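In the two complexes below, subunit A is the common chain; its partner is subunit B in one and subunit C in the other.
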Partner chain A sequence: MTNTSRRRALKTLSLSAILLCTTAGFSAIAQERTSVKIGYVVSKTGPNAGGAGITTIPNYVLWAKEVKDAGGLELPGGKRLPIEVIEYDDRSSAEEVVRATERLATQDKVDFILAPWGTGFNLAVAPLFDRFGYPQLAVSAVTDKAPQFVKRWKKSFWMLGGGHDYTEALAGVLTKAKAAGTINGKIAMISVADGFGIDLVTAARPSFKKAGLDVTYDVTYPAGTTDFTPMINEAAKGGADTFVAFSYPPETFAITQQAQVAKFNPKVMYLGVGTGFPVYGKNNGPNAEGIMSLGGIDPKNEANAAYRKRHEDVTGKAPDLWGSVITYASLQMLQEAIKRKGIDREAVSNELSTGSFKTVLGDTKMEDNQLRTLWFGGQWQNGQFVAIAPVDRPGATKPVLPKPAWQAK
Partner chain B sequence: MKRIATAAGLITLVAALASAPFFLDAYGLGLMMGLAGYVTLATAWALFSGPTGYVSLATVAFVGIGAYCVAALSEVLPYPLVLLIAAGIGLAVALVVGLSTLRLSGVYFVIFTFGLAELIRQLVTFYEINVTGTLGRYIFLGITPEQIYWQLLALGIVTMLLRWWIGRSRIGLALKVIGDDEVVASHVGIDIARTKLALFAISATIMTLVGAIQAPRWTYVEPAIVFNPTVSFLTLIMALLGGATRLWGPLLGAVPLFLLFEWLSANFPNHYSILLGLLFILIVFALPKGVLSFIEQMWGKAHRTDDSGARS
Partner chain C sequence: MFVTTLIAGLVLGGTYALVAMGLTLQYGISRIMNLAYGETIIAASFLAYALSSSFNINPLISLVLAAPLGFVFSYLIYGLMLRPLVARSKTAMALEIDSILATFGLLFVIQGVMLLMFGGNYISYSYMNFGVDIFGASVAANRLLALVLALALGGGLYLLLTRTLWGTALRAVAVAPSSAPLVGIDANRAVRLAFALGGALAACGGVVISMYQTFTATTGVVFTMKALIVVIMGGVGNLLGALSAGLILGLVETFVATYVSPGLTLAAVYLIFLGILLWRPSGLFGKARR
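Up next, the complex of A and B:
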């Protein structure tokens, strides 16, 4: 009998504790606004975690810390509110990113949502951002269809260009080199049979053709390929002195090593994702010199250099030299737009679309909701991955051609 | 009398479920959609695998086929026709696969079905690279989440009814015999191959339709997104947790598990996988025979204690 009543007492006690907690939660919500809620869903685990962990998550973390250190987000009138960050892991599943975004919008009722990582995931959530009225600053999404998306989703912003932009920029560099007589204009090209490789190679074929460049070798390989020796040998045979690989990071590193072993020394070597990782330059040392890829930075841009240092101090690693700085700039734009317009999502979207901003990229302005002033090509020079294309943009470094021969280790 | 009451109860339940979108916000609706999808998948899975004991990991192969049909055809054909074609393709693939593999049994069948999903994914990738030159496809259909939910709900109900009907028909009986002992089944004159094939094909068609109906929710599909092997594993775990041989088993497994996944990922986003692994171990220890038989056991115990009058 005593046993039963004690149990009952315990039950009552725990129940009332739970009730207390929930009511406490409610009363907190009912009060006046004391913070700005920022939410995001990103792939912290699963196949996409690698990319998200380099380009997206560290920048979100860095930005949140900087806002906190500054005493919160500034609103019109100079008042500052602390930010409350809610993050979810989509486990690299499209279903999960959609549901977690719905959760952010309707359960957590966040004030702003930061974009997820990847083209597919940004597209999966675009209708939701649109329906709930959130501006979507999609950075890690390379797509040629951005102009159509902007028409469909008025508050979406696309900030990393399309495959076509990158291949046009590369064609620009090659055309110049061909006119100068440095290269013979023949290209050997391999690409990974996955999203990035296919988009880029499909864009590259017409770009090269239009520029009068001759593709002598053009094959795709499955993601995860480790032995590139046969492809490198075939590429060398066709008389091409430009080698292009639209590759993923593991393959980018493998190709670099295996080209050295095969003593394959093309005059231009352009590799895919991974070339712009700081670790690529570190690992390959002098052999990274002259290798080209997507992205790049202007070494004379001091704001960017300062950003790179802060990034390393806070997250413990240097940012990559392609998408990271754009991610950070997108957050600066959001922050500034909130400062100008307050927590009014409609007004903030408008401001993002029409205003101009001072960011780590310099003066930044959207054109038709897209960021068009980008570095589409870079090259390792003296231990730095400097921007070389578009060739006619101010601040572009002159490419070093031909690429220096491999050095024996 | 009892039967009428049950029927009335079920009809009320269906009506309540169908009217859910009018009361729920987008997140609640998203949950219901996920639930309806997984309940249907688990029930369809149990339709074939429950009685026969063949553990299939091909679920996502069919879900992916459905999604790709919608992605490929939604711009050129009206939506209902796309669904029909998707179902037809799913059925055809199931028949070809079934004919060639249902002679396999045990672990060979498990491995084969797992490989099938990967095979279809690679075939799609190959086609996209070499023929269309782009990997991702866009689905711009004006289908609202409510409509997706209603379609899934209807499909789920049809699947449950189908399972209920099969359970009481000759083919259901035949399946039970096959599941118990194939040799005996063939000796009593059951056409084993045809029975298994029929069930496999029905189950696969339903899975294909689930994929097709859900696809517009993603806007963008590519092989890595729609052929995600996790879907196969989740379906299997849900059906087994509930009890794959019972009519209500998959539902009773899918609902709590799905809500549990959701609760974990909302509250412990950084420890999700660890907690999930621990929970699975616990479930296997605590409920080795599934939720339904556990409930029945407890029910039986409670009644016995009732009789002896030892209730506290």
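Up next, the complex of A and C:
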């Protein structure tokens, strides 16, 4: 008898708990909303902090400040609500980014979640964003599988293209230079044996082959390699006058320095992530001239120039010349979609997917949940990292080839 | 070609040796497995970077500054933090575990301070990045400096340890910490000195490395790992062991990258590591422990 009653008591208790929770939920909805909660998880420490600290975090900070200064997020009808920002550090761990994102959704109950930094991390949290119904504006993620992901996770948006886009653009530039007789069409290529390097080199091989370019040296190296002398020496031997490295920032910096020491002067030098960092131009000065990489900006685009100035004023440092502006544009799109549709995540996702937006990139519109109007190749020219590919897009600068020889310091 | 590879390998090995020598002193003589060792290196790198970028101070001057700073810092850390652990630990094993835990905490403290001061960004500047011609191979002057420094410090300290009374005392403490006081050696003082000396070496390494390697506030652990491999391979507490193990690693990496594949450098390093440990379980120059 006591048993049954205890069981019953428990049942009653749980039932009332459930009911109480639902009423609490109802009352929360009925209550007047006083703020919009925005959350994000990003690598503030650990190996990814260097990348996140330049492409992602400063833009989130800048945007939050601008929204605050404007008196809050504008909702349909012109009402403004202040934003409340919740930030977690994932310590560059894929488990941590998942855990903290789940916490944002279930415990903090934020209204919107901004995307983390990195291809792998965006993929890691994509199922969560989908399950909890948050739109995911994945900017710092380069993937050729975006069309498939969009089908799997309907509210995901992929804004930095795929490896294939970048290697096709590079192959285009090289084919033109070969036809003009500037280069001999032989390529020495190295890549880091990690996410970015693998994606890019896998895309590059068919791109170069299709373009009739001959790859004479093609090796991968482990992430964290600091000495590139052997690879530079081997690359120089094969008669290639184009050098391509799909590298991470520390390696990009090291290759640049060591190529100078080895007096290795290929006619085309294309390096990976880090080339588009402002510090790259600053550290290498005249020796950065002619070096190519992914990304680039149109120096004549005024909206972008104004953005760069604001970024520097607020965060104290210049944005990078590839993903930064896209990150900022993604926030502008989110802001505008909320202004049009309110806090309803379903409606906002729909608006992001179908609407057209005015951002620092100009008129921006997603195609199949992807941003396709991008700069896929850039080159340092006169102290600026200008966009050179796709060549047929208005605003593209003509590439300067061959790369000038290293200057002695 | 062969000569070029050989020289490139030696120069790379110089960096490894330079980084590892301080740890071998700290671990071998002071018996402190200092997990915050890499953070000391990075702190010195930041010092050199900050002085060079804001006050335009030549990194070579920072080198002279960093060594005594590293010495004093490590001296204080030992006195304040590690000495009580040594005093209370009954066995060598207990001290090993305590020191690993304590310095693991220290790692995050130093890292946190650097993150606060400098943020998590990539830091790089270049200094002495010009080629020096050695037997037809163009070698970066800054890396050559690391090799020369490693050889000079390694050789100098080796002579100091083997030819002076003070060095003999240090070695005595390393071999038999409990018996050394019987012959009138102040073991505590010797151990503290060795730990501080290790800190000074780490700081030197940090300044030189900052001239050519990109670093962030959180890369210290990479250096600790590499140094640990070199130390164990060379024989714990043995400077010449660290020097030669560092050079061997550099040579292996460079030769494999040139003649086999750059993708196999890490695998080759661990293969050699394994091979040497199988052949000589206490490292190249290590004495078998009872």
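As a working rule, the second predicted complex is superposed on the first by the 378 of 409 C-alpha atoms of A that agree within 3 Å, B and C clash if a C-alpha of one lies under 4 Å from a C-alpha of the other, contacts with A are read in each partner's own complex, and residues count from 1 in each chain.
Just so it is clear, contacts are C-beta pairs under 8 Å (C-beta built on N, C-alpha and C of every residue); 3 or more make two chains touch, one makes a residue touch a chain.
All values derive from a computational prediction rather than experimental measurement.
In the three-chain model built by superposing on subunit A, subunit B and subunit C fit together without any clash.
Contact with neither subunit B nor subunit C is seen for A:302 once the two complexes are overlaid on the shared chain.
Contacts of A:368 after superposition on the shared chain: neither subunit B nor subunit C is touched. Once chain A of one complex is fitted onto chain A of the other, the partner contacts of A:87 are limited to subunit B, with no touch recorded for subunit C.
Once the two complexes are overlaid on the shared chain, A:262 sits against subunit C while remaining clear of subunit B.
Look at A:120: by the touch rule set out above, it reaches subunit B but stays clear of subunit C. Looking at the shared chain after the overlay, A:346 reaches neither subunit B nor subunit C. Contact with both subunit B and subunit C is seen for A:44 once the two complexes are overlaid on the shared chain. In the superposed model, A:274 lies in contact with subunit C only, and not with subunit B.
Of the two partner chains placed by the overlay, only subunit C lies in contact with A:229; subunit B stays clear of it.
The minimum CA-CA separation between subunit B and subunit C in the overlaid arrangement is 5 Å, rounded to the whole angstrom. Common to the subunit B and subunit C contact sets on subunit A are residues 44-45, 47, 193, 220. Those residues of subunit A that touch subunit C in the shared complex are 43-47, 49-50, 52-54, 190, 193, 219-222, 224-227, 229-231, 233-234, 249-250, 253-254, 257-258, 260-263, 274, 277, 279, 283, 408-409.
By the touch criterion stated above, subunit B contacts subunit A in their complex at residues 25-28, 30-31, 34, 125-126, 128-129, 133-136, 138, 140, 214, 217-222, 224-226, 228, 230, 262, 265-266, 269-270, 272-273, 312.
Partner subunit B is touched in their complex by these residues of subunit A: 4, 44-45, 47, 87-89, 91, 93-96, 98-100, 102-103, 105-107, 119-120, 123-124, 126-128, 131-132, 145, 152, 193-195, 198-199, 202, 220. Listed in rising order, the residues of subunit C touching subunit A in the complex are 1, 4-5, 8, 12, 15, 111, 115, 119-122, 124-126, 129-131, 138-140, 212-219, 222, 253-254, 257-258, 261-263, 265-266.
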